[in-house]
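Each chain gets a letter, A, B, C and D, in the order it is written, and its residues are counted from 1.
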Amino acid sequence: MAPRVVVIGLASDFGCQVQMTNIEDDLLDVLGLIDLQYWQLASSGHMPDSYDVAIVEGAVTTLEHIATLERVRATASAVIAIGACAVTGGIPALASHGRLEERYSLVYGDGPSVAPGRIKPQAVDSVIDVDYRIPGCPIDMGEFVQVLSRALQGLSDHLPQEPLCAICKTKENVCFYERGEVCLGVLTRTGCDARCVSLGRPCTGCRGLAEDANLESALRLLDERGIDTSDVLVRARLYNTLEEAFTR
Amino acid sequence: MSTLTVEHVARIEGHGTITVDVDAGAVQSVHLDIVEPARYFESMVVGRRLEDAPLITSRICGICSPNHMLTSIKALESALGLEVSERTQVMRKLLVYGSFLQNHATHLYLFAAPDYVGLPSVFPLAETHPDVVDRALRIKKLGNDLTTLVGGRSVHPVTAVIGGFTSEPDPRRLEAFRDTLIATVRDAVATVDLFSAFEEFEVHTDGEMLALTAGDDYAIYDGEIAALRAGWRRPVSEYRDIITERVIGHSNAKHSTVGGEPLMVGALPRINLNAAALSPEAARALEKSPITVGSRNAFFNNLSQAIELIDALERCAGYIDRLLEMGGSTQVEKFDIAAGRGAGATEAPRGTLYHSYEVDATGIIRAGDVITPTAQNLANLEADMWKFAPTVVDRPRPEFLMAIERLVRAYDPCLSCSVH
Amino acid sequence: MTAYQELQQNPYRPWPARITSIIDLTEQERLFELRIIDDGVREAFEFTSGQFVELSIFGVGEAPISISSAPSKQGFIELCVRNAGDVTGALHRKQCGDVVGIRGPFGRGFPFEEMKGNDVLLVAGGLGIAPLKSLINHIHDDRHDFGKVTILYGAKNPSEILFRYQFDMWKHRDDFDLILTVDDPDESWGDEVGRVTRLFDMIDIEPENTYGAICGPPVMYKYVIEEMRNKAMDVDKIYVSFERRMKCGIGKCGHCGVGHQYACIDGPVFNFWEAMNLQEAI
Amino acid sequence: MFFRIMDKSRVLDLVAGLSQDFEVLGPVSKGDAFVYQRIDDPADLRLDYDTTLLPPKKLFFPPEEQMMRFRVADNEVVDDEVYAAPRVIFGLHPCDINGLLLMDNVFLRDYVDPYYKARRDSTLIVGVSCTPQESCFCNAWNTDEVHWGFDIFLTDLGDRYFVSVRSVKGAELLDDHVETRPITDADTAEFQRVAREFEAGFSDELNTSQLPLLLDAKFESPIWDELGERCLSCGACSMVCPTCYCFDVIDRLEPDQKTGVRIRKWDSCQFTEFASVAHGQNFRESRASRVKYRYYHKQWGYLSKFERVLCVGCGRCARACLAGISPREVVTALEAGGVGE
């Protein structure tokens, strides 16, 4: 029996769900493996009461999201968090800084009250346990297909732990630091095929802090190069506001 | 009285709920509640470096991220007084069209089409009408490939930055791509035929229609704001004086008005305002289609998108020719940080998108504002729903609700955009 | 080049092998009997105790697994596998009759021929019994070639004792001195309690003609060797088997480095004199 | 080996001639740097390059390659053929040629690696002399000279090349495609002069005596902790190294999960996962132990088998390492007993 899959969107730009539809060549093959029970973006229908795999996109920004996730955890045997929003809080978590009410009034003024149950943005795993993570803003389609396939087989997630530089080297890029620019690749979890750096744009850290990364040393080295490390930390927080290591 | 709801309307981008109150066979009220969570983007950019703004605000929407990115970049360039090269401008237009092709194909085939054939999604069509699904995926992929070719990635392109592009597509690939674009015009024409053949509802929308115009170009990247009924043209920098946003109690998205009345943006207003600039094949398709220029049937927004597909393909082929002819490569223009404010607009697939920022002398953003197309459309959409619901209320309930959903979908709303 | 190597044009290419029997040993460990499908390859497949194969499940990956059966068992090989992750987990989900892949045999095994004519002391901890089981069975099949054979085997608790059915039988034999011990006994446990090193007080060996063989979790080696040295055994008659990460099994992928050696081709069985001179070994 | 003289201007003829029968690859510029790439226009070839970003190993052992295609249902290999087109790599420096010879020891001995071998067998090598750069220390390992491992080697004598011909194939190619003349005593004298000038061009001579012993004797030295604190665990050093050959093997299923490919990709001993096994055990958990292992293996592990160190002194790792860790520094530190700044 094909595993029953639901796709759930929390606070996000839907970019990762769009990305899921962007595997055009493979979309039908992937769909052939699963029994897709709920995907609001692509199909009418109701969220079923029972299913096997939940794919969750987006950050947690309302009490309703928390309730949804708790239901999901109680039901699904595997939860896959996709995208920076769900995995590290991503861009939505920028709003977790400072007072939420101030942000609210900046955007909505003092008219009728909307956005009920609002809370500071969080990553999915701060609410429930997550079995598989696909980081990145947006997710890499190839990685999505591979992780989904691993999840369906019940295998470990194989999330890479090292920083981006190794794969960047295999692409034969000249390191940004040689040109006096800052690149967060040295701290960021690999797995994106070094796409941005190969296209001439320094890594902005959307895949989160690599477990292997040596933050202390990196900051010391940048400092030695005359780079303002507090500015580097601000940059690193762009997609990683919730990463404690970047808060100092 | 009974209250009917469609929670989390499917096949649209974002979360919205339709509520209709019906009493003794008469529609009492119709609402579209945008339950998409608030994300406070305008507050997020405050205090960040200006280079971060395009990265941040493009995360408002994953479907039209190229538009958000470019609109943000344009607004910042206007604040900095920075001019970019013609090459950069052409490449940016290709990027916008990539998002048009991708979005229109997704909207038309994956979101809208199932309604016309009474299916919950497009997936069952894969078995019964594989040719149609293949065509849909082909156009969609072409859009993604175009964005990827120019921007490095289809969702959240990476190469577009303030001042230009960090990388250039390989001319050989551009050339090959040009041929694919031309070859796909056939698919786009078939799309127009398909949607022309569908039996369509009718609702006469009353709102003003706005779109960018730029002389005899089909404006999507630059130009002025034009109003269809009022007939005026005004510069983008005045957008905040033109469009008024208001918080509505039942929705996390604001509603917009122009001169006190609701407004519509998107493919239909664009065609109404710029039909004369359509590419030859697109103009022919418009001619044959049930749409007449100036049409106020909001449902025709779908068909208008289909016509825009043809236009996009032909136009992009021309842009690629232009790039190849120009030769050389884009350089990222250097700029000095200076205090300033600036606004920018582009046509996103579902209508005009505005960004504006205020930057201080150290390059830190002090204020930001974004008005998305869907936020502009919502008031008008709700007005259309009030008008349309009574005309179909005598149908069986599921069919009645489906008809209203269909109207919502015709606007191709992007609800996550609308709450940003 | 052996006939087998000649067959093996691409050493990374696994041979299809059919699972012919699966026995549950404990909650986590199962004994899989495999039969290489290709007749020529099966007949050419020769190994010594202590060698391993790369078990291959396409779509999941490969894992190095010691051969548990004796070389004297013809046509079949046994693998005693703990469900420890992806590959081993996938193997545990397989059924009798399913096909998996194996490459090998790889590595250096125990010096069986050299050990002949001597006493043998085998010490196993936990899953470390897997390669030693092959040696024990091989000795059993050639029993008259060996002197006294002592087996010390420790596990965390009684339910983790592997091959218990066989060992329970063997405890009563007088050609093997077998002592079992567990850290956490239950009511059913009638054997020893405590670390395997404790058992050294209970045994008597003639150090000058005793060969030692050790396999177990990394922490165990140091203490067992200390006991063997206390018993005055020669360092170059002690053999240890190491587990390291491996991706190829044939000395290319670099993962299994132990000091200046590779566990896959220089080991996994090392003479303790060599191992003493290996950094990172113990 | 025999020798010929070729006019410098003839190089383009030779490349153009070779292109008729082979795919020709060589150094071309990429921004301010150089990469080995397919040469479509002989004018792109940059024989004056200093060093390339990636070593030629990428052409024999690509960063990622398919090993076999498999079918899941019956666990069968459906394809493990390696297709290697005949090609010439034009312009390898001695260090890189030596790097390949060191890789050969690993991939072509004992269990022969069919993927590497197929590419190696189908490739001809044209070497070219170089000028020592600041980061080079090939002289420390005698990898500044090369005596085999090429088909033709061109030594730059200013207006002409001193051509050393090593293989029959090399002789044929030379004969077929370019005009050369026999060497004269004057040529040989010039050749010797150039060689001496080359030797004098190195900034220093690294003291590498007793390195294996030192590595063992200083296994617990705080040098490694200092280096470990600096190392970013980025693996850049291993990727750019012409002699690092470690790889990871990964199975990737096609989206329909019926078939898939087993691939291998470059790995690095600097990654935490590298030496970890099931049950959370990791034999090299600390960064210090991993940095140490890279040197330990290169200067002693490999040497214990092949009597050469696994380094050709190309200096690529030193250039790539943001933390500035380099063999030169490590060797000097072992000699001196501490990490100097």
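Note that in this section a contact is a pair of C-beta atoms (placed from the backbone, for glycine too) under 8 Å apart; a residue touches a chain by one contact, two chains touch by 3 or more.
Not measured: the values here are computed from a predicted model.
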Chains touching both chain B and chain C, listed by label: A
Central chain (distance from its CA mean to the mean of all protein CA atoms): A
Centroid comparison with chain A (C-alpha atoms), farthest chain: C
Chain pair, most C-beta pairs within the contact cut-off: A-B
Between chain C and chain A, distance of the C-alpha-averaged centres to the nearest whole Å: 43
Centre-of-Cα separation between chain B and chain A, whole angstrom: 25
Where chain A and chain D are represented by their mean Cα positions, the distance between them in whole Å: 37
Between chain D and chain C, distance of the C-alpha-averaged centres to the nearest whole Å: 38
Set of chain B residues in contact with two or more other chains: none
Chain D, residues touching no fewer than two other chains: 250, 253, 257
In chain C, residues with contacts to at least two other chains: 59-60, 85
Chain contact graph, described as a line, ring, star, complete graph or other shape: other
Every chain pair meeting the contact rule: A-B, A-C, A-D, C-D
Contacting residues of chain A [partner chain C, same complex]: 153-156
Interface residues, chain C side, partner chain A - complex: 59-60, 85-86, 89-90
Chain A partner contacts - residues on chain B that touch it in the complex: 8, 10-15, 36-44, 46, 48-49, 52, 55-56, 59-63, 65, 102, 106, 110, 114, 120-123, 126, 133, 137-138, 140-141, 144, 152-156, 158-159, 161, 166-167, 246-249, 251-252, 254, 416-417
Interface residues, chain A side, partner chain B - complex: 9-19, 21-22, 24-25, 27-28, 31, 36, 40-45, 61-62, 65, 90-92, 94-95, 100, 102-104, 106-109, 111-115, 118, 137-138, 195-196, 199-201, 204, 234-235, 238
In the complex with chain D, residue positions of chain C that touch it: 9-14, 16, 56-62, 82, 84-85, 88, 99-101, 218, 243-245, 247-248, 250-255, 257-261, 265, 279-280
